[in-house]
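First chain written, first letter: the chains are A, B, C and D, and each begins at residue 1.
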Amino acid sequence: MRFLFLGDVVGRAGRVAVLETLPKLRARYAADFVVINGENSAGGFGISETILNELMDAGADVVTTGNHVWDQREALVFIERYDRLLRPLNFPAGTPGKGAGLFKAANGADVLVVNAMGRVFMGDLDDPFRAIDEQLAACPLKTGADVIFIDFHAEATSEKEALGHFVDGRATAVVGTHTHVPTADHQILSGGTAYMSDAGMCGDFDSVLGMDKEEPISRFLSKIPSRRFAPSKGDATVCGVAIDVDDATGLARAIGPVRLGGRLSQTEPAFWDEEA
Amino acid sequence: MRFLFLGDVVGRAGRVAVLETLPKLRARYAADFVVINGENSAGGFGISETILNELMDAGADVVTTGNHVWDQREALVFIERYDRLLRPLNFPAGTPGKGAGLFKAANGADVLVVNAMGRVFMGDLDDPFRAIDEQLAACPLKTGADVIFIDFHAEATSEKEALGHFVDGRATAVVGTHTHVPTADHQILSGGTAYMSDAGMCGDFDSVLGMDKEEPISRFLSKIPSRRFAPSKGDATVCGVAIDVDDATGLARAIGPVRLGGRLSQTEPAFWDEEA
Amino acid sequence: MRFLFLGDVVGRAGRVAVLETLPKLRARYAADFVVINGENSAGGFGISETILNELMDAGADVVTTGNHVWDQREALVFIERYDRLLRPLNFPAGTPGKGAGLFKAANGADVLVVNAMGRVFMGDLDDPFRAIDEQLAACPLKTGADVIFIDFHAEATSEKEALGHFVDGRATAVVGTHTHVPTADHQILSGGTAYMSDAGMCGDFDSVLGMDKEEPISRFLSKIPSRRFAPSKGDATVCGVAIDVDDATGLARAIGPVRLGGRLSQTEPAFWDEEA
Amino acid sequence: MRFLFLGDVVGRAGRVAVLETLPKLRARYAADFVVINGENSAGGFGISETILNELMDAGADVVTTGNHVWDQREALVFIERYDRLLRPLNFPAGTPGKGAGLFKAANGADVLVVNAMGRVFMGDLDDPFRAIDEQLAACPLKTGADVIFIDFHAEATSEKEALGHFVDGRATAVVGTHTHVPTADHQILSGGTAYMSDAGMCGDFDSVLGMDKEEPISRFLSKIPSRRFAPSKGDATVCGVAIDVDDATGLARAIGPVRLGGRLSQTEPAFWDEEA
């Protein structure tokens, strides 16, 4: 089975690139399931209902989020109507929406998608390790789900790597988000789980985290906000990761980065070439 | 001119890989100048005089460090005898050693190496932006130095990217360290400065930051230390970055990642192929 | 009913003062129940079994702790044998010891003591608000306990005040610890709960947090550790708080600070004068 | 000489109390110099020109601030016209306004007022220890100023105490602000400097930091903002500290807390009684 994940979509530049690229990618890869992190898709801050629908129309099966999920406050309401929009699992009990769901893929597989948030240098949330552990216990690989994908929205590489090893052999893949920078440490861990510290953003890389660079630089220098952060408008790079799933085990056979458009070095996984 | 940088060397596994790989790389690339971050080379914590000499014997022209620089306390003393060992520039006035130096490369070029540390999620240090700005003012590209390389040891991608843009056009390259994970965002910024958020470590990637994974995972779960952190012993990946410098301008013509050995995807820059 | 609490005992100076002062205070006030925070009683870091027994022999009914609870690693073991030693409630499930207990006071009252830790500027723990809420639901004032005392070990005054109001009317008293500085904001909240942001330490106030001041000052200046922190040896001030409980409601009738010995201004509650 | 300092004025309730109380206090104490921290005087966030003038009309000689200084952006402009409004000294070079000034007291004494900000759990600023050290070197006690007062706006008690000892004998007084909770650790340090970790706020103590308590409590529970923070409207306690200066040495003879109005225990210094 073929799984595709795209990292944090940032603003209009990121959306335009994803809406244009994803339909082609989905077809070219014959992808069975696509997840996108949309926490920065609305002007860099949060997600609107309109944008959520655009991302799903473009080929996303599920949209995950992170610390910016409620920046557009309407999301607190409409998330209850969208089974396929997730917010971090380890928000306090009573938070609108949910952090995990079981979805049917194009090939009929049952895909558990889990969206969790790290705590190191982030907010004071519930323990993501235990929250994820409970999900895996309630819906284990093979007996509960054919594929288990975890979007771990976190800052520190230590926490991301530790979580990867913690679920190694119990999930198909753990992919990080939030730093907006793609990492080159994609690998299959010893237990069979695909891992990558960060998928990187879908946004303009002539920027600071996808936002116009002047204001962030100015704040580092002066410690005084001058204006709002605004998404950078240059051509975006679509950053993500492709995972080839072993249907017999639900574990990963291959993982490879995707970087298309914009300023970053271009890459696509070779492992689907023969068939695509 | 050809410049090579290797990221944080972690423990024996990292050292063995660097000592074995660097002499071959230096020859194969005909590299004119090599910098290595050695802050974790002594058992994962700091650097000893013996190890510093080993790294220099293997082909390092300069060794940079970071927040772990004083973990081996002898470094507070021997750093005064080693012109080619740098500690972060923006430590308080009066700190032993220095954070920048001008060195002669194999091709005769004058290379300014600057080692600075970020503040976001790190310690309370002097402002790295201003400290670097002063270095660049005192020793500008072309008039003061033929090449200017900045190892920016920092956690947050926002601070790293902001610094890259801040010195864009004024330095040959800004490469991040500290997260121990190589990023795939290497690019030439619009002003001509080569940039990469993190070079990644030279260490075993079946680990958490190059350290045995059991203890870090256990601490995330229990919040209680059980034993000391120890470097992971598996085969290391040598992670770094190659930069091709335009001798006319001192700016970058090309930047490409290096990942050799161990578990990560293997890569070397193609831009020196024809000549190497 | 008369309740006495003493804040973080720091090192030998703090212990000597408490061991000498507490028996007299307990008698003079005819106190029915005494709680002491002992997290820094062993050389400033943690607590030993011997010291725990000394504190209880001197008149403590229960000893609470905080982030330093495991600094003496033997505490991980002996806490299981001491019903009257508490560690923060909101440590992860599976942590040795417990964070709350119901104890019989001298006057026959059932006293629920809860020890919890804040998260703002502290570690990544479980939510203290929910953890405390569950304790209060399981053992409510009047039906489950005659008196409920909460030692909230936290850094930020915002989190302490918010917790006080959160349990106002449901607990007898919320007293903060951890900053080692007594606050002067003791009051009865509108719902009847006694509140004080920090009880202050039992230690030498010619110091930094009860430790010799040279090393902390040196670290603020140089960012380099020179030697270990050691408890300051000057005369300690015993800092704490006295609470007069309304036996009919279990809420507080009066709260007043105690500061005896050492350098701070001396004070004792006047509300027990007529009877003591 | 008689010196009076009032801590962070929070919103209308704090202003009303200060405007009503300060003229009487100034007269009753025959105070020679009055400093007020006004960083939260405008709706809890920053200070306006109108409010600054009100505070000065009511008897403030100098108004200090802290991390909230620019919350009302007009302060970036009008601070240049007000010699007697200070912002933290250790903001980056180029920040509008200044962090220290030499002022003439009612009795003719030259008073150096320094406003600095801590870094622990606060922003990434310049080193406050060195910044203050430079001020004291440039304008030493006795030769440069008759009185030196430092408002150290900081979170951590460790940093506050360390700074107190660092300048002990070189300044008349170091008083902390920012936690909005008055501490009871006022003392004359061994070198003669008066010290108090926090003056406390001028605001309603039936609140969280002077703000309506519902929203802060809700955020601790839900991690989702519901509405803006608004200053609490109940009767405010005016919190501050009185310092009796030895005119021969410029050091402190006595320090005592002031708490008037509102919910906190009421106190005034006794050391001026005979003469007032």
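The rule we apply is simple: a residue touches a chain if its C-beta (ideal position, glycine included) is under 8 Å from a C-beta of that chain, and two chains touch if they have at least 3 such contacts.
Given the structure is predicted, the values throughout are model-derived calculations rather than measurements.
Student: Could the interface between the copies chain A and chain B be described as same, meaning over half of its residue numbers are common to both, or is it different?
Tutor: Mostly same residues: over half of the interface numbers shared.
Student: Can you check which chain pair, A-C or B-C, has more C-beta pairs in contact?
Tutor: So, comparing the two chain pairs, more contacts are at B-C.
Student: Rounded to the nearest whole Å, what is the centre-to-centre distance of chain A and chain B, using the mean of the C-alpha atoms as each centre?
Tutor: The mean C-alpha positions of chain A and chain B differ by 29 Å.
Student: Could you give the separation in Å between the centres of chain A and chain C, each centre being the mean of its C-alpha atoms?
Tutor: 44
Student: Quick one: chain B and chain C, Cα centre-to-centre, how many Å?
Tutor: Result: the chain centres lie 46 Å from each other.
Student: Any chance you could list the residues of chain D touching two or more other chains?
Tutor: Correct list: 92, 124, 130, 221.
Student: Could you tell me which shape the graph of touching chains takes: line, ring, star, complete or other?
Tutor: Contact pattern: complete, every chain touching every other.
Student: If you look only at chain A, which of its residues touch chain B in the complex?
Tutor: On the chain A side, the touching residues are 121, 129-130, 155-159, 161-163, 165-166, 179-187, 189-190, 197-198, 200, 205-209, 213, 216-217, 220-221, 256-257, 259, 263-265, 267.
Student: Could you pull out which chain A residues touch chain C in their complex?
Tutor: Those in contact with chain C are residues 92-93, 119-120, 124, 126-127, 130.
Student: Taking the touch rule as given, give the residues of chain A at its contact with chain D in the complex, in rising order.
Tutor: So the residues of chain A in touch with chain D come to 70, 76, 91-92, 94-95, 123-125, 221-225.
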